[in-house]
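The following blocks contain the structures, represented as structure tokens.
In the two assemblies presented below, chain A is common to both, partnered first by chain B and then by chain C.
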Partner chain A sequence: MLKIPRNYDPSLHPFELSREYTRALNATKLERVFAKPFLSSLDGHRDGVNCLAKHTRSLSTLLSGSCDGVVKVWNLTKRECVRTLQAHEGFVRGMVVRYCGSSFFTIGDDKTIKQWNMEAPGYGEEEEPLNTILGKTVFTGLDHHQKKGVFATCGQQVDIWDEQRSTPIRSFSWGVDSFSSVRFNPVETELLGSCASDRSIVLYDMRESTPLKKVIMTMRTNTLCWNPMEAYFFTCANEDYNLYTYDMRYLEKPCKVHMDHVSAVLDVDYSPTGLEFVSASFDKTVRIFPKDAGHSREVYHTKRMQHVICIKWSADNKYILSGSDEMNIRLWKANAAEKLGVLAPREREAVNYSQKLKEKFQHYPQIKRIARHRHLPKNIYHQRNELRVMKEARRRKETNVRKHSKPGSVPVVSEKEKHVVSVVD
Partner chain B sequence: MASPGEADVNASHVEGKGKKKQPPARYWQELPDKEKGENKDEGQVEQQQEEKKKKEQQQTQKAKKRKRDERPRDGKRVISGKSDPFPGPVPVPQDRMQKFKRNDNIRKTHRKHYKLKEIITRSADASDMAQKQAARFDILLPEDAGFLEGDEDEDTCTISQEDIADAVDITSGAKYFNLKLCQFGPYRLDYSRTGRHLLLGGRRGHVACLDWQSKQLMCEINVMESVNDVKWLHTEHMYAVAQKKWLYIYDSNGIELHCIRKFNDVLRMQFLPYHFLLATASATGFLQYLDVSVGKEVAAICTKTGRLDVMCQNPHNAVVHLGHTNGTVTLWSPNQKDALVKMLCHQGGVRSVAVDKTGTYMITSGMDKKMKVFDVRAFKPLRSYFLPAGASCLSLSQRGLLSAATGDVVQVYRDVWSTPVTKPYMAHRVRGSVWGLHFCPFEDVLGVGHGEGFTSMLVPGAGEPNFDGLDANPYRSAKQRQEWEVKALLEKIQPELITLDPTELGQIDQTTFEQKHQVRVDALGFDPLAKEKFVPKFKKKGRSSAGGVERRKKQVAHEDQRDVIRKTVEDRRKMEEERKKMEEKKGALSSKKSALERFRK
Partner chain C sequence: MAHVRVRCSVICIMAKVSKKKGSKKIKKVVMSVEEQPPVNEEEEEEAGMAGAEGDIGSSGEDEGEDERKRQKLLQAISALGGKRKKALGERSEAAVDMSEFSVNPEDGPGKVQLSDLMGTLEKTPAVPAKTRKLLENLQRNKKTVDSPLSKQETERIQRGMAFQKAATEVSRWDSVITQNQRAEQLLFPLNQEPAGPRPIERLVAGWKAQTPLEQEVFALLSANKQPFTDPILTPAEEASVKAMSLEEAKIRRAELQKARALQSYYEAKARREKKIKSKKYHKVQNKVKRKGLLKHIEQMIKTDPAAAMQELNKMELARMQERMSLKHQNSSKWAKSKAIMAKYDEEARKAMQQQLEMNRELTQKLVTPLNEEEEEEEEGAAGEADVLPDFVNDAVDGPPNPWMKGKLTEEPTKEQVNDAAPEAASVSAAAAEEEEEEWAADKTEEEALLREFDCRRKRHQAQESDTAGSIFQEEMTEAAAEDSGASDCDEEARSEFRSISRGGEEGFKATEAVNCADRTDESAQLEERLIRIRTVEDLERLPHEPSAEPRDPPTTKAQPSEEKRVGKSKKKKGIELKEVLTKNTNIIKVPLAPTGTDSEDPEAKVDQKGLIKEAFAGDDVISDFLKDKRRQEDEGKPKVIDLTLPGWGEWGGLGLKPPKRKRRKVRSAPPPPRKDQRLPTVIITEKKNASISLHQVHSLPFPFENHAQFESCFRSPLGRTWNTERTVKKVTKPRVVTQMGAIIDPMAEEELLRNKDAVARETSSVNSKKSR
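On to the complex of A and B.
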């Protein structure tokens, strides 16, 4: 390597801005060139993948449960299945790894909760659950407490279980017949949120005997996910194609409405930094949203991927895992253009520099156009346009109605307020 | 008198006992009791004041102690309790800070854009830090610039080149040399951007390129045609030669790479290194731009001003300046079909133009034997000099020295724009009349092409002493050059970005009136500001006299209304009559007194 003397005198470096702009343009183009997010697909399931679970201690381990009751444990570095077990009869509805990582729980359509050892049984031994609890009704959702040996299930009511007991230590119900998912808050660990089939989201405090609050929306919410960094916020995936981020304290209207999907959103998961989340939808796409943006920054799709049922963001913030109807689990990069592997210092420097340039010139029309462009499957593209037309028509009609009625009788309702029916304390 | 050492001893452990504590004395502080012996009265007063101060100190001791602890612990802290006498980073001189200042005064938002405000302050902080760091780095640059200094009453212009060459070291002395090429002259020349390579083009067809410092000839050809101008392209491997009819591109081995027939009768050329554009001015009055990276003609502009023989570029904004025979200088960019600016600079034709590297000053010389300095940012004349012979060629060095060729004498001037100059800084007579002048970048050398060949003369203080290794590196290896070439090509600035103000790209694009109007028209469906369409009057023969028209108008104006008016007047009159009658009746009725009237009070 030769020594390179530098002189930063601005008159020796003319056209500073134009050159930076050109660099930014090139960096943006290269980003699009290198945007190859799909890494691999893990196949082996004989039925649609219904649930995924991250290992709490090991980055390279992933658990998946399918619609035929099979649970598979995957090694993500080798991209192969290391263990298969027939956990339930019928669907595996939910799965969660204990906070210590030594065992995991599964629930299924056969009304059982089973606890399994994370270690595979020795050669010749049979797969036996550590513990089996037979419930009265079907369970649909499961989540484990962050620090204690306590877990929650949902079905006809939300139950809090102690690992040592075979009956729930607490049951919550609020006039609803079924819940679809339940999640513990990762920061305020005693709080829970659940989605009910009467279009409501119910919040609980584990220490109290009655639920805290509920918000009823216009359409049903499928799942919710708490922000792992900001305890108050959660995002829920709704049937009306949108996602809503709520502040737990002010449920009257969501802080943000995230639109872009063209079909029901089925699952959502936050990145460990809490800045972004990923959503899986019935429209066969996966989208990544910044937490405070109304539209997605990225959309992932392949020709073969069918309805995406479950999604997880890996704990190292680098990968996204999606499980879909057509029996595959797919591994994606969280940043589509990111280079994987160790970066040399100069490489790292160049990446940081181009990142900064892209940020500086992001609002320039030429650069914005290139950075925003995403190829969409034809049907999604058309559906999106159709939705846009419908929305515009609705808006036009509303303005016309307002124009021809008594002033003040047709109030302007913001997009955020539109989707909330009521809040019950 | 307490020496610093004693003060420290006192200060060491006695604080707890409530003894008065003095801060350790410093050698740079003025000692208060220095003059005690000389005037006692004053001394006493001082003593009292001191005591007072001490009392105050005692009171504030605790606070001070706290303060001392808070002091940033930079530098080495000596065990004895002494702190660094020069705390904090070394201050940077103001002029250096000014050198690295960018003109990005971001306006503060009046509205409550909290996020935006934060972003703005953060980026302002970052640019401040960058400016400071660059200024700090500037102090450490290895080379210094300097000028030739004569003895008392000695003009530097009388010092001959031989004397300078003898006085300096051998390597520098070898940079003064003559090439005697009397066969194919006069010569035009060009130095490559790194300053290592020299290209010579003789009027009668001789083209040579050489590594002039090692004096190695790279190639030498005779194109068997007259040569108007020669120019290096982005590297020392390609150069362009404007020949009698077409423009040719050769490589450094003298092999013809291209003959560009779209560019004919080229007289002068300029290469814009960051845009990879070769701008040519032709005898037919065309200014053409060739993108040398892709070989495409970017723009061809008909200037409609006749033969274009005077040309230079503004290195700050890549605008091309052309001088014309009517005394005007015009500024051109490839994006516009007509001149950006036209300046009348001279009475009589313009002979030569030069622009300095900061893009602030333009120097012109004309047939009126004047040399003028203009501020090209404000388009204002600054100074005018009269040269008895008139300057045929002008060239500006990196550090702002101006060389002007008058006949066979080359004169070099210093500070032409800041102070009125009376004498040249240096002068040198060459053998034939001068045809081309060029300062060598990063060297104190001026190349002069003339009728009898080429002279390389020493001009101390001409070149920039510190080069930047990533931009134009005179000592770069082949590998470095290749890497630089790839990077430079990737960073090629598009010709659309050539503007008078190169920072225009960073300014906010506010919606113009036209844009706003267009939006309004689209929304309304019609143009509210449109002029009414002209509808020609229907005239009949003999009926268009002014009086007749007026009369006709009057008739027509009231004819249809008269009936109506008459009717309404009639109606109103009737109504009035009826009303009167009614009132009379009422009055008659009311005049009769009722029976109850008498009870009225």
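On to the complex of A and C.
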């Protein structure tokens, strides 16, 4: 490469703004051209994929459990199934890999918790769990502690288990509920959150004998996920099409309401950088939200993808994995237009530059228009419009009511406050 | 008696219970009670004896007496048998049905009251008053304990407490989170290992000694406490590594490198200089060094007088030694031999000269401000009362100091002159500019003059024994050099002095006479300056003269000075208005140096204007502009469309009248008035380019509060077309950087500690900066 001395005299390089604008416009267009997020689909399950689990030590390993009780271990680089085991009778409700990556736990509709070795059994050996715990009731959710040999399950109550024992070391219950999911806080590792069917989210401290606090919302929360970089934030996926990000210290109202889905949100997972999260919805789409944005930055869908039941963001922040009703696991890019593989230095510089240009000119109408454009399936599009109309109508009605009633009698309730019914100490 | 015993056993049981429970207060009380039993027993005995004595008199209590006697008998029997019934009774286990909390003996004579227990308590001095008071309060208080809270309530309280705890615990992360939110760039995974080759200890970690040789080696190593697995460093090394952080080490290394580099430069330089054979060079070099030393001492005088004095003393000592030993004079053997050789040998002569030079240097008396001050002080002490001018004192001193001869060389005078220049400028603000202009030219002349004067003075000194005049002249030179802008009287003197210098030796006598004549006038002038001016500080201490005459430019000097010389000898001392005016006019007349720019400008401007006019003589810009504007206005006007033309299927040709229906002309409404209607010199286009407006931002986007803020985003370009490589890299740094194929673990506790460390380091660095 020949090194050429440059003269940076601004008079020699005029029209910098317009030239950069053109570059930004081109970069935006190219981004949309290259946005091909779908990488592959992993097929092999004979029933809907009900749960996914990331391997904690290996990026290329993925575990999936289906509605017929089969667990499959996938090699993502080869995009093939490396191991299949019949773990449970009925659904595999939850699955989690131990923090060291040596074994994994599954729970199923057969009221059992099973611990499995991560390594496949040798030739001729039978697939057998390392441990089996028979519970009294069905377990619906499972999560493992970040650093200790402790895991939590939920069903009719939230139980904390020691790996060495067959009875829970602690059980939390607060009224009579059934819980749908339980998650450990990855930063403050002793804290847990769970979602109950009485529309509440309950927080626990593993060291305490009682739960900490409960917030009741207007509709049921399906799952929640803690931010892996910010200890006190968690996001929950709600039946009312929205996601809510809470600060666990102030449960009175969520910090942010994330709307865009047009049907119940079934699962949510944070990116390992803690800056974004991905949500799976009953409306057959996957959406990516910046953690502090009200609307999604990306929507993924394919013709064949049905209700997305579970979603995971890969540990290297590059991929998204979705498991859906129609028995497939899909692999997506987290950044749709990103080039995979190693970038040459000049390439990387060019990417960085265009990225900055896009940021710089993001408010320009043309650029904004192009950057924000996404294709949506017809039904979702119409549903969205319908929802919009409904929302607008509701808003209008509210303003009309306010107009025609005594001043102050109909207070303005913010969107954040609308969805919280009460906080119970 | 039975009563008492029962009580005692109860107390003992209570003591046992209380021991189990570990309640401190009750234990204390019980212990104090327990101490009592021997006393009680004695009392019992006494009571018994008293009772026995009293029995004789009483007859109605036979049964009681019998009972007592029986008891006594039993006791005696038991004592004979060597058994202790009482002890046995006491050691018995508490009954199963006996509650821990309410002592309720079935066969006892009723409930035990607190007062029963306290009866003995008052007698014992060992019980502290505080306990006694507490117990009394307890006795008086009849309140019942509140019933415990309901389960729900207690749970709620517990939950509240637990939540508070968790919330505070989680809030530790506040600073980390805000810092990450504000960070320009985030690097993931968080705890990245430094790039580059991995240290060997990590590679070797999984390795084991297998062969006997290896095992032997390892045995040796372990015997000597040398590490062989994970950290290859010994404990001592580890400690040293820990002692200095990486940054500190880097800083230290940089410092050392710099120091080494500097040293090598200096060494190289010294070597180079040492190689130079030119003696002249070395001589000059030595001189410079000496001067530097002097300067240094002068500075030291200002900053640290004590150290300066020491230095001076040292030099003085060297001088004294030289003067005592006369080592470098011609008395030594070597010198004598050289003296013989000097006739024939050039080098020997040189060597001798050098030696003499050395001698002179060493024996030369140092003149520094410190010394001067001392001298002055001495002078002040000697003759403060007499206000005689200095030269008088000097005259009294006798012949002039021979060391002064070598002193008035070129450099000191130059320095003095240079020092004087700004002084003069400050004194006469009005004449300053001109003076500065003159100065450059004048300076060389001044120097020449001084030198001339100097040699003349020397000659004069040689001739004359009368020193008064010479010193006066010396003073004069000083005055001339220092203060160019003196008063009129001074100027007179100076003109004379100039005439002297020009006239040379012939005019000397005459000037002498003039000097004598003028002395009465000038004595006042001289008396004004009691301070002897030797340093710049002295100059500054001088009272500022109200007016200073600018000196004449060198070109016009010859005639006016002569004129002045003629005129001024008879001039009065006072300033006349006319005179001043004429002087001013004179000054204006003087042609200035070509450096001036302002005076040229008007002409130049006119010239340029003319030039432009000439160049664009043919162009009528204004009419062109007007035409242009009119054209634009016309374009903007709605056009009249002629609809009268024949169409399809109609007759055409000359002389045809358009049909009636076509005679109506279509006229659209007049457009709104133009924006530049009332602005004759401006054209504002009314056409709006729709294609451009598509690309323009029409409203202020959300996060921005005003237009200026928004526009500031676009002030500087980002690309490499306009920026250097480094800037581009800095500006286009991505917000999030992840490592390919690395698992990003959630934030761990270590991050909190690291953040704390970083914050502490920042604050400390800020503090240190502040302190600096």
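Simple rule for what comes next: the second predicted complex is superposed on the first by the 425 of 425 C-alpha atoms of A that agree within 3 Å, B and C clash if a C-alpha of one lies under 4 Å from a C-alpha of the other, contacts with A are read in each partner's own complex, and residues count from 1 in each chain.
Here is the rule we go by: contacts are C-beta pairs under 8 Å (C-beta built on N, C-alpha and C of every residue); 3 or more make two chains touch, one makes a residue touch a chain.
All values derive from a computational prediction rather than experimental measurement.
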item: Three-chain arrangement built on chain A, chain B and chain C clash or fit; value: clash
item: Chain B versus chain C as contact partner of A:385, first or second or both or neither; value: neither
item: Touching partner for A:353 - first (chain B), second (chain C), both, neither; value: second
item: Touching partner for A:342 - first (chain B), second (chain C), both, neither; value: second
item: Touched partner set for A:272, first chain B, second chain C, both or neither; value: second
item: Partner contacting more residues of chain A (chain B vs chain C); value: C
item: Partner chain in contact with A:137 - chain B first, chain C second, else both or neither; value: neither
item: Touching partner for A:167 - first (chain B), second (chain C), both, neither; value: neither
item: Offending stretch of chain B which, after superposing on A, collides with chain C (from 260-268, 368-376, 458-466 or 530-538); value: 368-376
item: Overlapping contact positions on chain A, where the chain C interface meets the chain B interface; value: 8, 10, 13, 16-17, 19, 21, 23
item: Complex interface listing, chain A residues touching chain C; value: 8, 10, 13, 16-17, 19-21, 23, 56-57, 59, 146, 186-188, 191, 203, 205, 208-213, 228-232, 248-249, 272-275, 315-318, 342, 349, 352-353, 355-357, 360, 363-366, 425
item: Sites on chain A touched by chain B in the complex; value: 2-19, 21-23, 26
item: Contacting residues of chain C [partner chain A, same complex]; value: 155-156, 158-160, 162-163, 165-167, 169-173, 177, 180, 186, 188, 694-698, 701, 710, 713-714, 717-724, 728-729, 731-734, 736, 738-748
item: Chain B to chain A touching residues, read off their complex; value: 99-100, 102, 134, 137-138, 141-142, 274, 315-318, 357-359, 464, 466-471, 473, 477, 480, 490-494, 497, 502-503, 505-506
